[in-house]
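See the structures that follow.
Both complexes below contain chain A, partnered by chain B and then by chain C.
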Partner chain A sequence: MADKTSSTGPSRPKSKSSKKREPFYAVSPQWRDVTPIPLLDGPPGQKDPGPALATIAYAPRYSEAMSYLRAVMAVNEFSRRALELTEDIISMNPAHYTVWLYRAKILQALWAAEGTQTEEGVLAELEWLEGISERNLKNYQIWHHRQLLVSLLSKLPSTETEFLAHILSFDSKNYHVWTYRQWLCRRFPDPLLTTDMELRAVDALINEDVRNNSAWNHRYFVSFGADELQAIESQGGNRKEILSQGRLVVDEDVVEREINYAKDHIAWAPQNPSPWNYLKGVLRRAAIPLTDMQVFCEGFVGGKHADLMSDSVRSSHAVDWLAEIYRLDGNLEKSKSCLDALGKKWDPIRRKYWEFRAKQLDEDLGNEA
Partner chain B sequence: MASFDDFASLIPGYFRGPPALLDSLETETSVLQAQTVNECLPLLNAINDPSSSPFDYNEFGVPELEREKHIQFLKANLAEFPARFVGLDASRPWMVYWALLSLYMLGEDVTHYRSRVIKTFSSMQDASGGFGGGFGHYSHLAGTYAALLSLALVGGKEAYSLIHRDQMWHWLGRLKQPDGGFQISEGGEEDVRGAYCALVVVSLLNLPLSLPADSPARSAGHETFMDGLGEYLSRCQTYEGGIAASPGNEAHGAYAFCALACLCLYSSPHVAMRRFLDIDALVWWLSSRQYAPEGGLAGRTNKLVDGCYSHWLGSCWPLVQAAISGPRGTNSASGDGHVVQENLYSSEGLARYILCCCQAEDGGLRDKPSKPPDSYHTCYTLSGISTVEHSHSYGHVDDSEAFASAFSWKACSALIPSEADPTKNFDTGAHVRAIHPVYSVPHEAARAIRSWALSHPLDTEVRD
Partner chain C sequence: MIPEKRTQLDRERHIKYWKRCSQLLPEPYTSGEASRMSFGFFIVAALDLLGALEKVTTPDERQSWIEWIYTCQVPHTGGFRGFTGTMLGGMRSPQNWHWDPANLPNTYFALATLVILGDDLQRVQRRQCIAWVRSLQRKNGSFGEFLGENNDVEGADDPRLCLCAVGTLKILQADEQDLEIDETKLQQFIANCQSYEGGIGQAPLLEAHSGLNYCGIATLSFLGLLHSPVVSIREVASQAGLDVPSCVCWMLDRQTTWIDDAGDDSSDEEDETERQEHTPREAEPEKELLDLPSLMDGLSTDEAAAGFCGRCGKMADTCYCFWNVGALAILQQHHLVDIEAVRRYLLEHVSHLIGGFGKAPGELPGVLNHIAELSSKGDVLTTMQDLLHSYLGLATLAIYNEPGLKEYDPTFCFSKEAVEKIQNASWRRY
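For the complex of A and B:
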């Protein structure tokens, strides 16, 4: 781990070598009054059953820092030196959630004690966080820490979306980043959802990799999901119940725009599931029957009368949709032949599932009789 | 070399070459996907490699589970790690749980670890309730889940009574949120992991269902741990049909399991899932997570196969399939506890991926062939094999008694017709033990800690 320093204080260990080897806190005048609490493994005073399980042969520097952390946490010390201690431990183990949560508490206490404006404090911490985030992309803690900080602001920091774009350039499907981004949109709907900022950002990512499902999911969230959640929350909270009642309002212009967007992108690579899933979501939300897509889907299988086992089929998703469309139209034979083609040829590992769908058709028939 | 051809013929064609439909447009996703297929194909068809010995494979072309090597790997994972593994410091409860559960599934007796498990966890418990990742760490629901399940795995009243149940109840109350979900730690993130882990703790420890007076969820009118929970989980289902970490996020295999298992604790699976989820969409999404030729499962749409989803997604199947068929004794289930039900996914494909692609040469199992093994992937691929080898069903119970359904699950061996020749039964040859599909510990372990807790009720009077 590179030893990236920041502006939080003068007395931290500076070089990698001193960090690895020497006791730091025990010889620091700043920490003289603290009695460290060493690692405790097991209940004291009992017969030792053997070593604890899955232990780590900690580097002395880490052990020492942790023993001082326990000591300051035990008395809830919210001080500058405690803040520096958290930075030191984070530099050695950024996956240490406790240190992050403690750090967040210290920051707020310090701002209050030192008369720092929240906004000023948050922005300084965000700056510090930036370098660490790049090196720890798969870390829950960093993104939650960021969320805690940004939740304290009254408006969206101007560089936030730029920062997200930068981070996503390393891993465009990073779950924590997208989770944070969705939270951010609900926290600051103005400007994120009232302007086309997010939609443009997502469009860029989709154009870069049309198979980036995280970007498609965010597109749904921005176009429909955020509103949808608000409506569901205000109507008792059960999504299934409220969606099946079809009571949610939609903006028809947005629906039309998004249907066209999805169709255009399906044409880029018809075997890509992401825009198909997206399209299905939009249709469902707008209560548009799947049957409206018959001609569109038939375009990917070689037309209305195509042989579904022939090479004219370009998308298994189209065949899947047609199975459902024909079922809704009452053409159960044709529906079955789609499911059959999927199981035999286009998506055979899911044969059991296609057979299950075919069995449901039989039940439909049984119910009608 | 007729024997090679015989063997090979029992590997269905779709595990032997690239998929039938591939778009020509190249993007980062399709390049990575093609690389993954290329690293899996030779291993899936290793029996056809002239340099390999056919005696290393069974008649379906599947290599043996290297039981002894994996056991040695797991034992090493319970010992001391070098300093460079410091990043695991807050995950030690998990390290213990993964290794113990894996050893159990491989047929080992783990009860002799009892006193060392107690020693390990005794300093991780926080005085204000719950377990942290280590001594002096804040309590965390994931660490608490792993600690509790480890204690359940080794069993015994000395292990159970280590847990401060009263403080645990208060702590869980502080984690329950006004929107019905749970934070993972005080001031930490809220997602469906929290909800699942919390109900596992409440049910195994027989904690009062009523919320402590200082629970923030009381501000929204919630009175019990269950209030608002089903609705919260329903909002985590996405337009794709799968389930996300929290409302609005992308559908994801690991979170899907947490949400479904949580619903199976909420009430009987068929009742809870029908009430809160679009099951048709869910089944469609689950089914879409399996690709050929790999055979294994991928956590999200357009992501790569990864051995760990053999558990996260693989274990969704018994829950969802059971919810579809309903409790034993109804519909397709026969009275003798043997569920007459075919899987809705390719359990053969999953077993092939795990056994052919996930076993590391020197023991341990892995994400995919290009990744090193670890105890996390070892545990969750073995869980996948266990799921393949067993059928799970739950009983018909009165849901007014909390968690009655959760303790009615039974497992029996599964018969899997071979996909290439349905007159034969596909055999993984691995013979991994069954585990409880909701708690991910042995059935007896879950029952034993629950019975202990029932016979030691907490005094709830003062709290109501």
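For the complex of A and C:
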């Protein structure tokens, strides 16, 4: 449907909060031809439907805008004023699940009608989206909308990595941003993954906050993940099996680089769980046995013969790893002493868990006897 | 505000809180309106869990709520919309009804709420609804959120929607013949979301996250329940190829004494809508968190309070007590938690004088800044933080049989008594 009223005048309220009670659309000349569809909040056709469930005390302005949104959606109006109406709704109810799809549809219709190049249109919309994203850091639809827009481009927009750094400065562990970032890397592996661009970006974030587990997870994705995803998608099947059957090519240089990276960061902050978990992931990916890490781990507990209850222990994670390493080596007594130290001293909040693990060892011992 | 120290659940206060919520939600809830059905679920399920639903609401009120829920059933799909705001009234037609779709998470919440309210589900368009759920499954085994124009599957693919899909099928008592979803692919999708840390994330290779981890585990649990005879969660997990011991270990690792009693830190989960400052804590890891002997100092007393966080290196938050304990309970490993410490966290640190639970110490339930705008996909998890935290705090206590609360079913996410009503329903034969 063509744009009926492509006016350039102000088409939505400027100071929404102060005018929550005043009608806007009903008195706007631009909306005179539209008959709003009122909210139906109960069984139709009943005079007194009784109380609805989870009734919200809507501001009159919101109720009004919604009634006009229903009216334009009902006739599939893809116009400039409808676009502005979606912005108004999004500012009040950003999680509305169809208003974003409606907005995307309007945009494409307007680009076609107004002869706007896709790239130009996308970049303008991304600029608009930036402000909305800052105000709604935890909204899913915004990121989905961004993904939809960027997927229309043939090249990585030059501003995108800068935008990501900016938005992560508000919350460096924002799950939506990291999810989008993975998608972006897969959409534009060149240049993000074919050069060291993304690896450098994630290194900077880890060095800024070594406990940023989201950044560690992304590092795994950058180093190994794209291959794994491709294998899951093309071969189908279970990721664990794909890894254990050695169906993926392992770049030994990358593995060595990443093992050293994790070890360096563990040495810097031995009680930080993120690089320990990361190291375990890298070892599994490269099919390197955990037992290879024995000497490394013993370095954080005061050596091979250290008293695990003494202050020579600098990392409970090292004690945890050693419990597993000794068990794999068949040294069940030593394994048990690690678990005891964890439950009694280093990690008492999980005492029951460490006791449970020790009991499992006893059962193993019993089975052997 | 300083929470009053108390170790007993103040049932009456919680009942009052939920009764208030059932009457009118304040204007700030508008921004989460798309998940209004989930608000309804939390209100009704909480009053039920507290054993107060029939005491503080009238039969007329409950019937009226049932009518409202049926108003949200979308005619040609049998699924339910999340709120009445998309309804086009007399203008509705095949040309525009994709703007007013049935929504998967809200369908689970609608059916669950009907069950708890004692409705017989006779008016649910069961066959259409089962077919509609089926039509939301994607090639990779996951489920979408709703059908858009040309019946395109819209929304994210993540374990939340998987949970809502199989949960809906279970409430509808779909049996093996009419199930017809690709179970193998679904199991595989969940297992592939398990990260190197051991927990499940939103998609393969994404960071492990307790909320999504819960959804993944509950999905496998529901898959087992859809079979006759029922297949145990352990067996389904093993078929799926999920590494259960590392998942359990990861969940237990989420219990933390880092609970920020000062109430001034904004390092949180999916639910902070205000801008977050890049705190020095984030920039320079606090020494005490990295240096083990000093960490021990505040830890080894019997009085420790410890909540749960949702991801590695994050602070405790009320809802993550449930996402971890609930999934552990499904796997029957919740006895490995420091139960007293989590009870102390909930009852002494995040309970409020007005009833309900905040997400962190010193935070009120029912205030604007914890309305999460996570998503429509987040309907199931983290949309409306106040109602959600208050409900999931109760749910966690109920899992550990707190006096004054009904027994809880961690897979269905509501009382066992209400779950039994599904089993006893005879409505499916038509």
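Keep this in mind: the second predicted complex is superposed on the first by the 338 of 369 C-alpha atoms of A that agree within 3 Å, B and C clash if a C-alpha of one lies under 4 Å from a C-alpha of the other, contacts with A are read in each partner's own complex, and residues count from 1 in each chain.
The rule is simple: contacts are C-beta pairs under 8 Å (C-beta built on N, C-alpha and C of every residue); 3 or more make two chains touch, one makes a residue touch a chain.
No experiment lies behind these values; they were computed from the predicted model shown.
K.L.:
Quick one: on chain A, after the overlay, do chain B and chain C clash, or do they fit? Just give me the call.
P.N.:
Clash: chain B and chain C overlap once superposed on chain A.
K.L.:
Touch test for A:170: chain B only (first), chain C only (second), both, or neither?
P.N.:
Only chain C is touched by A:170; chain B is not.
K.L.:
Thinking of the overlay built on chain A, is A:270 touched by chain B (first), by chain C (second), by both, or by neither?
P.N.:
Both chain B and chain C are touched by A:270.
K.L.:
By the touch definition at the top of the document, which applies to A:76: first (chain B), second (chain C), both, or neither?
P.N.:
It touches chain C, and chain B stays clear.
K.L.:
Please indicate which partner A:148 is in contact with in the superposed arrangement: first for chain B, second for chain C, both, or neither.
P.N.:
It touches chain B, and chain C stays clear.
K.L.:
Go through the superposed model and pick first if A:134 touches only chain B, second if only chain C, both, or neither.
P.N.:
In the superposition, A:134 contacts chain C only.
K.L.:
Return first, second, both or neither, reflecting whether A:34 touches chain B, chain C, both chains, or no partner chain.
P.N.:
A:34: touches no partner chain.
K.L.:
Could you say whether A:104 touches chain B, chain C, both of them, or neither, answering first, second, both or neither?
P.N.:
first
K.L.:
Given the touch rule stated above, what does A:255 touch, chain B (first), chain C (second), both, or neither?
P.N.:
neither
K.L.:
For chain A, give the residues common to its interface with chain B and its interface with chain C.
P.N.:
37, 39-43, 49-59, 62, 66, 70, 73-74, 92-98, 101-102, 105, 140, 144, 172-173, 175, 178-179, 182, 208-214, 217-218, 220-221, 225, 229, 232-233, 236-241, 269-274, 277-278, 280-281, 284-285, 313-316, 345-346, 348-353, 356
K.L.:
Would you tell me which residues of chain C are touching chain A in their complex?
P.N.:
Residue list for chain C touching chain A: 22-27, 29-37, 39-40, 43-44, 60-61, 63-65, 67-71, 82, 84-89, 91-92, 95-96, 98-101, 103, 113, 140, 145-146, 148-149, 154-156, 188, 191-192, 194-197, 201-209, 240-241, 243, 249, 252-253, 255-257, 267, 270-273, 275-276, 278, 282-283, 285, 289-293, 295-296, 299-300, 304, 306, 311-314, 335-338, 341, 372-378, 382-383.
K.L.:
Can you list the chain A residues touching chain C in their complex?
P.N.:
Result: residues 37-44, 49-59, 62, 66, 70-71, 73-76, 92-98, 101-102, 105, 134, 136-141, 144, 169-173, 175, 178-179, 182, 208-214, 217-218, 220-221, 225, 228-229, 232-233, 236-241, 269-274, 277-278, 280-281, 284-285, 311, 313-316, 345-346, 348-353, 356 of chain A touch chain C.
K.L.:
Could you please specify the touching residues of chain B with respect to chain A in the complex?
P.N.:
Touch residues, chain B against chain A: 12-14, 20-25, 27-30, 77-83, 85-92, 95-96, 99, 113, 115-120, 122-123, 132-133, 135-138, 140, 179-180, 185-189, 191, 228, 230-232, 234-235, 237-240, 245-252, 275-278, 283-284, 287-288, 290-292, 295, 300-303, 342-346, 349, 419.
K.L.:
In their complex, what parts of chain A are in touch with chain B?
P.N.:
Residues of chain A touching chain B: 37, 39-43, 48-59, 62, 66, 69-70, 73-74, 92-98, 101-102, 104-105, 140, 144, 147-148, 172-173, 175, 178-179, 182, 186, 208-214, 217-218, 220-221, 224-226, 229, 232-233, 236-241, 243-244, 268-274, 277-278, 280-282, 284-285, 313-316, 345-353, 356.
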